[in-house]
Amino acid sequence: MTTVDDPAQTGAPVPRTRGGAAPARGRGALKAVAAVVAVAVLFAAPFGVNTYMLFVLNLTLVYVISTLGFNLLVGWSGQIGLAHAALFAIGAYGSAIAVEGGVPFLVTIPLVALAAATLAVVIGFPAIRLTGFFLAIATLALGMAIIEVLTVAAPITGGGGGMDVVVWKIPGITGSASTYFVTLVVAVLAYFLVRRALVGRFGRTLQTVRHLGTLSGSLGVSVLRYRLTAFALSGFLAAIAGALYAQLQTFIFPAMFGMNLLVPMLVMVFVGGAGSLWGPVVGAAFAVVLIEFFQDLGDLQAIAYGIVLMLAIAVLPGGLVSLGRTARESRWVGRLTSRGRAATGEETGRAG
Amino acid sequence: MVQTALSGLEAGSWFALLGLAIVVVMKAADVPNFAMAEIGLVATYVGTVVNAGAANFWVAVVVTLLGGAVLAVAIDLLLMRRLAKHGHFPLLLMTIGLSLALNALIGLIWGHDPRSFTAPWSGSYFTVAGFEISWAQVVTIAVGAAGAIGITWFFRTSTGAQMRAVAENRATARLVGVNAGRLSAIAWGVGGLIAAMAVMLQAQSTLVSTHSAASLIIYGFVAATMGGFVSLIGTFAGGLALGVIQQTVGAYVSGTAQFAVALLAVVIVLLVRPDGFTRGVRLRDV
Amino acid sequence: DDGGGAAAGEAPPGVTDTAITIGATLPLTGTAAVAGQGLEAGLRIAADEINAAGGINGRQVELVLLDDAFAPDRVVTNVRRLVSQEGVYALVAPAGSQGLPGTWSFIAENGTPVWGPVSPGDPELDEVYLLSATRKSQIQVAIDYYAAQGFTDIGVIRQNNDLGVSMTAALTDQMPEHPEMRIVAEQETQTGSTDVSSAVNNIIAANPQAVLLATDNTQVGLILQGLRNRGVTVPVFADQGGAGTGGPSAIGPAGAAAEGLIGGMQVDTVSTDNPDVEHWRGLAQQYSGEQGTSGFSLQTYSSLRAFAELVQRMGDDMGYANFQAVAEGLREDPISLGAIPDIECGPLPGGHTCVNQAGLAIVRGGQWQILQAFQAPS
Amino acid sequence: MPADRALIELTDVRKAFGGNLVLDGVSFAARPGFTGLIGPNGAGKTTCLNVISGYLQPGAGTVRIGDQEVVGLAPHAVARMGVSRTFQTPRLIPDLSVVDNVLVGGTRHHRAGHVAELLGLRTAREDEARVRERAAALLDAFGLADVGGRQAGRFPIGTQKIIEVVRALLNEPAVLLLDEPAAGLGAEDVDRLVEGLRAWTGETGTAIVIIEHDLELISRLCPVAAVLHFGRIIQFGAPEEVLRDPVVVEAYLGAGFAAGR
Amino acid sequence: MLLDVERVRTGYGRLEVLHDISLHVEQGEIVTVLGPNGTGKTTLMRLLSGVLPVWAGQVSFDGADLGRTTPEKRAALGLCQLPEGRGIFQTLTVGENLDLGAVSSRRSGADLRADRDRVLGVFPELAGRLAASASSLSGGQQQMLALARALMGRPRLLLIDELSFGLAPRIVGDLFTVVRDLREDGVTFLIVEQQASALRVSDRTYILRNGRNELDRPSAELLDSDELVASYLR
């Protein structure tokens, strides 16, 4: 029987596990080297760049951590859970309040992470009955409720007025370098955690649940358990990111964690490439750096941001990470190679 | 009390109309359109310019509604079509990018200070049994209902079925002879028109600005959810209910809890009725 | 704060023999863009004027203005960029209200002076000098005024953010001064929301003799419409930021409903015949950008003029230590510009609130008119 | 293996959708080896499978797997008791490779929990290794060894059905329910399927219930077949006899068929 | 000649599946296509219905080159299809699915109802279920619905990808007679099949192998002779 050799170009997030395809391995090794170099450079950064650049880097890494979680939920498990910003806030406030109460910052990280993971499961619970947009709205609502609670609980949280964050420092290191190192380490760990989760059994089962829904039950998969685990993991990472974010901002208040945070978070997931492993990294960098980069465009910056976003999608519907693949299969590249053809028929998959 | 109810129904009508706009596009193009509020906003701003330009009020209204329709169709033709084959996520993100861009564009052209669409009846009140009732409220509620009925009627035809077919599987729909392109253009057009109507009505009784779109779109989506993203009537009812809940909370609990509580009410509705106010068409999946 | 002292010794950034770089982060886009453009205008107008006159001690003023779109996290990022990347000497009249507190620890670390930030709380930092009455003291002055008018039933609407916080603070401090006064209704509105109808309904129900607002100018406009449309004509107060006193930002949208709006004044109203204001108006009319003639413009114009005056007095030693010394010396020899109350900073504690008198203006016939001259809360 | 013991047994199962009674007191048992389940379109065959595998709750009656009652259990619980199934229209994850699609079916081989897996503990790694090995062997048995790395969505429906069978087998079920596995298969593929399945039961003594409209296949594989008609079992026995029954001919085969053979 | 396919190539992405396929169908003919799994039969169908583009060669219908004509236009020309996997719209009711079939020929009212009744006469199983969700139908019932829908389009050339898919023997038998009758009404058929009985109704048979023409013979000859053919049939 004849079959295809090059991977498909289906648009909706195509989570890619290493399907044992030989070429992937070779590229994998290359990627690994690149990654090691990148991390090394990042560790050296504080000694090379000024505090502003360090801050931007730091911010990017924080968003990488949170997006790793969000992508796992949205891109892999296919559940559009919109409480991510709120869980992020839980991390920020939880850590800030605990630190104020004398708990060492580094200790607060695992604490808020576990707390948020639990909370995320509660928030995800409507997933018993709801999916798709219904779940999206339900989780959005619960998220809003959390923010509202943070506002009302003024005695502890400072309410709408916000609260100062006691900044943690490694003795002898000035500025935000201390947090930066923590963020960097956490980000790397988070990446490998998520990677391990997704390239293995967990990842492929998540995709099964996403595609087959209840039908995956016949494979012995407890659908609800996987859906909720996805929520837990995303909350876990969101909270860690939030804790670090609080250290970065040094002053937090509820309005920071509303829609104006949630939308960029979604953008990071999708621009990077929902359901890919590197997507969150690329997406976070895209979102943060772009804003800084457009700073000098004045009135035009907001519009430029929107347009670049639209272009990115129009050109790379699979997200920035699909760049390589798209290039390999695109018309133009195809034309150059011998029997290259427009990839039109693709949309059919199989009709019906 | 009566005041609260009226304000509720008024706001509810805006939400309901926007929800309808979202559902209509959802039906045909299967896109959750986050740019809907901005589309309506652009149209309304154009309208206010015409309105202020000493042109007849009704001319301004027509311009607004057509503006919304035209803009929406243009978006469909230029941006959405080519992405259709790539599934939900790119389309969704495209609408987000679009909303950001349009919002910024409005700011660029007309500035960020809020404005209103002065209607002959704006700001005029009449009293019934000791209650002051604003004409704007009455008009909004009436027009909202009319709009809902109109659309529902429009989709009762076989067009409705065709649209759902396209939404479910574009390729197969075309195979059986459905002109998917024409349909999605219609849907976007109608959607844009309703969205324009929603924002215009809002601008007639209060102020709209580049940042009023944000909350409107969410309420719109909530309304759409109440309608299960298919039922137009359900969406309309959902929108009105949402408005009333939200105003009641504002009046008797706190103006800041409105949003959260209104949304929570929806969660409860959803948990009780997972498909919202629809006769839940449960799919046989095995 | 260790950083301040440390930074003071060595030569400060942003000054050469020919130029001095000054920065600010402003909401040039987004929800507060109208105010932001006014603030920008004032700084540019002042800078041009100073430079035309040969600069400060021969140093041309170079402005670095960043947009924060009113997003707090952007404010934090921008301040870091201004200090570490653009290497500014000082921040003059930065806005971005609620984000600013997130930068204090960083400011303290770098010792960068922050001269006349637009309406934040008072952080009591060596580096920060407040040049205009805080929101809190404006509201206090308004309460005194209402008391003087013999109003006893007050309605309050506050936003659930720092605006609301300063309202609460003002009420707790000032209401006891006037035992006869009571709050008949206190409503809270959602930040950034355009839905104030339920708040308005409740206020009308309580029918107060006067109303105090602590909201953004969109909500001020909406509330005014809501009240006036339903025939409620009682006086309504909002602080300089909310009322856009002297400018169009709130009364523009409110239209006819703005009649009788009382605005807190941090600077003189733009329309008075005060010669210094007239002088500014002359320059503002030539300004090419947006919002040149708004009250926000006059405010930042004054801040930068005052800054120039201060640096002039510093002479050759541009060190931050000297900056602090000269600034805290203003008690003896204030800077008086006419358009704003005299600037008389002193040492901490308390001394960095260089101005606490606020005036009141009212909208009559669509025009801002002075209602009560600058004075401190009782 | 005790060939007489019934691995799965339905007694008087009833199921109605709205007004229409789809299963009207179905009773039948399957022993190790192949059992055919045939009948007109809409007779209730697939519904039977859905009841057994826990997707539908019967209005009345009992379903036993081995000697355990399964009515009321969730699908995944039933599956973990050793009941695997395929679907009438193949349900693979189009974007995943064939191997990954199959591996998903290996849930019963995993002892380690999520945490152990996330931490990459040895137990988890061993589990993974074991399933991969089994999956490879199975794919080989069904002649799919060389396409394991390719995207499942790109195979013709016929091939997808075979992949689904392999996925179902990976859990080493005691009971395997196949819903029209041969529909859309060409002659070659049918042979592949038959050999694969024969080899499997030979070793394991799994009870395999096959729904098929391809009676050649039924006759080839099944010593016994049950005929379902309007929710009732109207015949049970060796295919030859069953297919000679006039009622069956009338309701299911049609005159043309008899002539055709 | 109603359908004429001249040395066409097509495929997916950059994978060519059909190499220089040629075939033709005369007005009123019933032609079957055989071939092992994965040989490209469905791909051929997709090509003819315009879902896949022609890379090289030419497809002409009723003398006119189809070129890049869109699927919906082809449907309007009377080129109807029962796709592999049926393509039933699960979110629609049975009735709505049926009526969709008539969209291409823009009919409505009495005319439409008449067609409906005629088609439902062929598939009485569906008649009682018009208001039910199509997803509730059994596999075979969905196959019937798919065919019924295709007939609603008043096809001139009907492309059928596996007519017998999931259908009980009796129904299959009946359908072949239906096919014969329809041919009398002037409908032309191109049928992909795996069952021998198909050859009994068809006039000619093409055999594809690895995306190439293998042979083209009158069905009657093949039926009892060629063992090669036997290996594809069941």
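For the reader, a short list of remarks on this structure follows.
Order as written gives the chain letters A, B, C, D and E; numbering starts at 1 within each chain.
The criterion applied here is as follows: contacts are C-beta pairs under 8 Å (C-beta built on N, C-alpha and C of every residue); 3 or more make two chains touch, one makes a residue touch a chain.
Please read all numbers here as calculations on a predicted model, not as lab measurements.
Minimum number of contact steps separating chain C from chain D: 2.
With centres computed from CA atoms alone, A is the chain lying nearest the middle of all the protein shown.
Comparing the chain pairs B-C and A-B, the larger number of C-beta pairs in contact belongs to A-B. Once the centre of each chain is set as its mean CA position, chain A and chain C turn out to be 38 Å apart. Centre-to-centre separation of chain D and chain E, using mean CA positions: 29 Å. For the pair chain C and chain E, the distance between mean C-alpha positions equals 76 Å. In chain C, the residues touching two or more other chains are 29-30, 160, 192.
Contact with two or more other chains is made by residues 12, 36-38, 42, 51, 83-87, 136 of chain E. Under the contact definition stated at the top, the residues of chain D that touch 2 or more other chains are 46, 55, 87, 154-155, 157, 159. By the touch rule above, chain E contacts chain D in their complex via residues 12, 35-38, 42, 84-86, 125, 136-141, 143-144, 162, 164-174, 176-177, 194, 196-197, 200, 231-234.
Against chain B, in their complex, chain C makes its touches with residues 29-34, 160, 187-190, 192-199, 201-202, 218, 221-222, 225, 229-231, 248-249, 252-253, 255, 290. Residues 17, 39-42, 46, 88-89, 154-159, 179-180, 183-190, 213-216, 251-257, 260 of chain D are the ones touching chain E in the complex. Put simply, chain E touches chain B in their complex at residues 49, 51, 70-72, 75-76, 80-81, 83, 87, 89-92, 96, 99-101, 103-105, 108, 133, 135-136, 149-150, 153.
For chain B in complex with chain E, the residues that touch the partner chain are 158, 161-162, 164-165, 167-169, 171-180, 281-285.
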